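The following blocks contain the structures, represented as structure tokens.
Each of the two complexes below includes chain A, the first together with chain B, the second together with chain C.
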Partner chain A sequence: MNSTTTTGVAVRDPAALPRLLLTLLALALLWPGLHFSELNIGVLFDRDSTRAMATLLADFFPFAHDVEFLALLWKSTLETLAIAVAGMTLALLLAAPASLLATRALSLSALPRDGRPSPLSQSLRWPARAVLIVLRSVPEIVWALLFVRAVGLGASAGVLAIAVTYAGMLGKVYAEIFESVDAQPARALLAGGSSRLAAFFYGVLPSAAGELVSYTVYRWECAVRASVVMGFVGAGGLGQQMDLSLRMFAGDEVASMLLVFLLLVLLADQLSRFLRRVFV
Partner chain B sequence: MSAGMRTGMRTRALNLLLIFALLGAVIASFQFLALNLTDLFSGDAGASMLAYAREFLRPDFSTTHLQACLRGAAETLAMSAIGTLLAALLGLLLALPAAGRFGALGKIGARFVLNALRAIPELVWAALMVLAAGLGPNAGALALAFHTAGVLGRLFAEALENTPATPAEAVHLAGGGRVTAFCYGTLPGVWPQLVAYALYRWENNIRMASVLGFVGAGGLGQMLYISLSLFQQAQAATIILVMLLIVLAVDAFSARVRLRWGR
Partner chain C sequence: MKTIAQLSGVGVAHADGTRALDGIDLHIGSVERVAIIGPSGAGKTTLLRLLATALKPDRGQLQLLDKNPWQLSSGARQQLRARIGLIHQAPPLPPRQRVVTAVSAGRLGQWRLGKSLLNLVYPLDSVGVRAALARLDLGDKLFARCDQLSGGQLQRVGIARVLYQSPELILADEPVASMDPVLAGHTLQVLCEEAQTRGIALIASLHAVDLALRHFQRIIGLRDGRIAFDRRADTVTPDELAALYANEQLLEQAQPAPNATATVVRIPLC
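Our next item is the complex of A and B:
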């Protein structure tokens, strides 16, 4: 740096030009994005919206805590937890057979082929895999909305939505876990003539159980969060109450519910950590 | 009885207890919700549900609707991109004090703000922003920006804390100002990490942006919500297909990028 200043050349960044060009390119790419997203930050600061927000935020304190509201809050919190548990149970029931259908780990045709199933038998696994992909790729809240239209407002829509989405996720990951554990015991059993289910229970499950439990518990934790969010489309639980309170501009109720939501997420996190430590 | 056997029996009893507790929780949940699945899927209810599901099997592929879907997809992508960009800027702005560069008080304050931003889910932010900024993708972009700023700000702050301080000190000692020291000493080291975090969140936000419309924040979600409310199942089916395509494309693309450039 000294040499450049002593020779009188201005100190400047040699990489400035390419950086400038890259920035300009990025801006040019983002320009239509600005148009499509109709971005207008100013709207947050105009008088009407600041007043609306200010009243809502001013209402945040003190938190709503009258007995009637707390009873409602308690009930919807329990409902949220129950939705997560019931949804996960149904998801497990769907995912267990689906993962057995989708996994390569129990392939008979793979035995003489060094662990790679024949293309024909692999193609038979594809339908199960495709169903799992569709189940988990449609966002859970879309499922929730669809089920709300199909079975009506309330918790059952939430349970079904979690069951469907999480069956897709669990099924895929279970199948992968089965494939990732040591394949020798299952292959020995299959080669010895045992049935596939027996090979699964005695060859795969013992070494996969820890990972299965850990992933399931983690997903339960996600399901608690999801069941709160799904309430916003009418699928019951804390989210539905939060949506109602927001629409009525009841800031104190929203604040209490956000607080309970945070506590619930923290609790689920701790509980899932505990369960994973005990089981794994 | 040996000590090992006794602890073995104890863990066994504990496991059994836990399993019974879990089973109890499952049964209690079903009873609390008064969920009756056989009622839900049998008889008239099951038939009407099946009829409803069947209406989704004929998606509307007319040109006008496809154009609308394309616009919705563009809105969704734009919302996620602009939201993530704003979030990265705001996150970096908050990450500097959160990494302790402006004293202990700034650190505590910035961390509190970041936690609060992050704690509120995107959908709640979107509902709030629709109240503040009106219907449309603007609300969605702002909602994503606020939530993601909380997430990115924390990640950025950690990256800033973990990066070695020596290059910046060298620039400082050679006579560079604080801003120069940051730009040429600190930033080059953490830049790849910041970009990786931002891109990862963008991926999440694309998925999120497609459903924020359910509370009125524009994009494909709003279209889906409206067409389902109007009982236009054929149109809704197309929108769901477009969402599915976006999710699959993002998954494939990010998997490829990760393979190519590693993580």
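Our next item is the complex of A and C:
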């Protein structure tokens, strides 16, 4: 091996062949994906589809802005925001402890093993991971339908549905964020006799705070959207209102509501930027 | 003299199976100040991590502060770890943490969780932390953020954390690697004073041989994972040092110059 480098023959990159094979594999997997989803962009520009879309879009202008409707819109917007905030708060209460249980970043058994936890401690993390998987593998709309049966039509079904699904998502991603930040500070603290929770607050949280905040705000933005979708199945808020407007073909009302969504997403985006500036 | 560390026939393997340390026999008593020297890759860091219970030996017997750390329960091992302070070569401090928090984290092993969390919100012992920092000439950086400090300053913050921890055994892995010679000498002085006044053991790895000879009573030469020599600092000979740092590969490439051994001896100067 050494002789080839000194005689001037080009050194072959050992990673080249695996990379090529992985690229080919990715392409091979992509093709059936396109095939089975029956994606056909041509339909979108069909004569009938364009006309149907055009009539709906033409109704959008001017936006609905009579006082009565605006009052209704204001109330539904507040309800949507309340659903998203309450759902996220409940989700956080579940996700924070679950992510601490699921993460490998605070493993004591990993200390003398180069950061690889022992099989036993890894298997103890599995129940926490399994709970998170179950929570998020059922779509929030299905949870909402379930909760509408249980607690009746209205906002509380939406809150519960968001809490359950988002706890699963937040818990998983939090656990992975903890693992992706520099592990040395926490490991040094653990090796200095610190408890795992203290090592988390002193060693992991300072580096992870920015990512945690920006992911949480993004998820809150998703929760606003999700609460709208769930409104269609009777879980309250803007969605329920939009469902009614769509049924009455009131394009101007739909347009006003979409404008509110835009503003809410913009708000979330600005909030995320601001918090990132503080924490990163 | 109380026994601080007792190693007999201790060995550790790297992840790829090669021996990082082999057949290490060592006895270290309290109030001893020991320097570990040797070429890169000799196993200095591995030996220190072993003594810090951050690595588990796969051979031999290891006793630390009269306990076998790997026969203790996890909780008891954490209590033992709280009595040992390791100064890392690259200080493991989160960049966004304030110095006062980073230093007070030295006592997390002794504090209850409630106190630790409260200290995160409001520093409970800024006077004690400042005293530890002041000994390293960093008293004015108490409320600075770690990412505002230079490499040498960060390394001293790491040392201040261990001073604040006040352990019964101080381990230091290249504690002065990113400092200028004057500061390096002063910092080693502080560590030695700490060990002397509190009657505890200090074990440091150093690549600057002259600093090791000047500040430490006992020198352990490590080469290829084995102890090459272990003797009092004033009895270490230049020939021993030359043999310790002799680098066959580099010498071969450089074509044997007549004064090759002499240049090799001078490498470890700071």
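The definition used in the following text is that the second predicted complex is superposed on the first by the 210 of 280 C-alpha atoms of A that agree within 3 Å, B and C clash if a C-alpha of one lies under 4 Å from a C-alpha of the other, contacts with A are read in each partner's own complex, and residues count from 1 in each chain.
Note that in this section contacts are C-beta pairs under 8 Å (C-beta built on N, C-alpha and C of every residue); 3 or more make two chains touch, one makes a residue touch a chain.
The structure presented is a predicted model; accordingly, all values stated were derived computationally and were not measured.
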>> Between chain B and chain C, whom does A:66 touch in the aligned arrangement: first, second, both, or neither?
In response: neither
> Does chain B (first) or chain C (second) touch A:37, or do both, or does neither?
Replying inline: first
>> With both complexes overlaid on chain A, does A:195 touch chain B (first), chain C (second), both or neither?
In response: second
>> Just to be sure I read the superposition right, which of the two partners does A:243 touch: chain B = first, chain C = second, or both, or neither?
In response: first
> With both structures placed on chain A, which of the two partners, chain B or chain C, ends up touching more residues of chain A?
Replying inline: B
>> Shared contact residues on chain A, chain B side and chain C side combined as an intersection?
In response: 279
>> Residue numbers of chain B touching chain A in their complex, please.
In response: 14-15, 18, 25-26, 28-30, 32-33, 35, 37, 40, 45, 49, 52-53, 71, 74-75, 77-79, 81-83, 85, 119-121, 123-124, 127-128, 131-134, 136-138, 140-142, 174-175, 184, 207, 210-211, 214-215, 218, 224-225, 228, 240, 243-244, 247-248, 251
>> For the complex, give me every residue of chain A touching chain B.
In response: 1, 13, 30, 32-41, 43-44, 49, 52-53, 56, 78-79, 81-83, 85-86, 89-90, 133-134, 137-139, 141-142, 145-146, 149-151, 155-156, 159-160, 225, 228-229, 232-233, 239, 242-243, 246, 249, 258, 261-262, 275, 278-279
> Which chain C residues qualify as touching chain A in the complex?
Replying inline: 15, 52-56, 74, 78-86, 88, 90, 92-97, 101, 105-106, 108-111, 113, 116-117, 120, 165
>> Can you tell me which positions in chain A touch chain C when the two form their complex?
In response: 108, 111-114, 182, 184-185, 187-195, 197-199, 201-203, 206-207, 209, 279
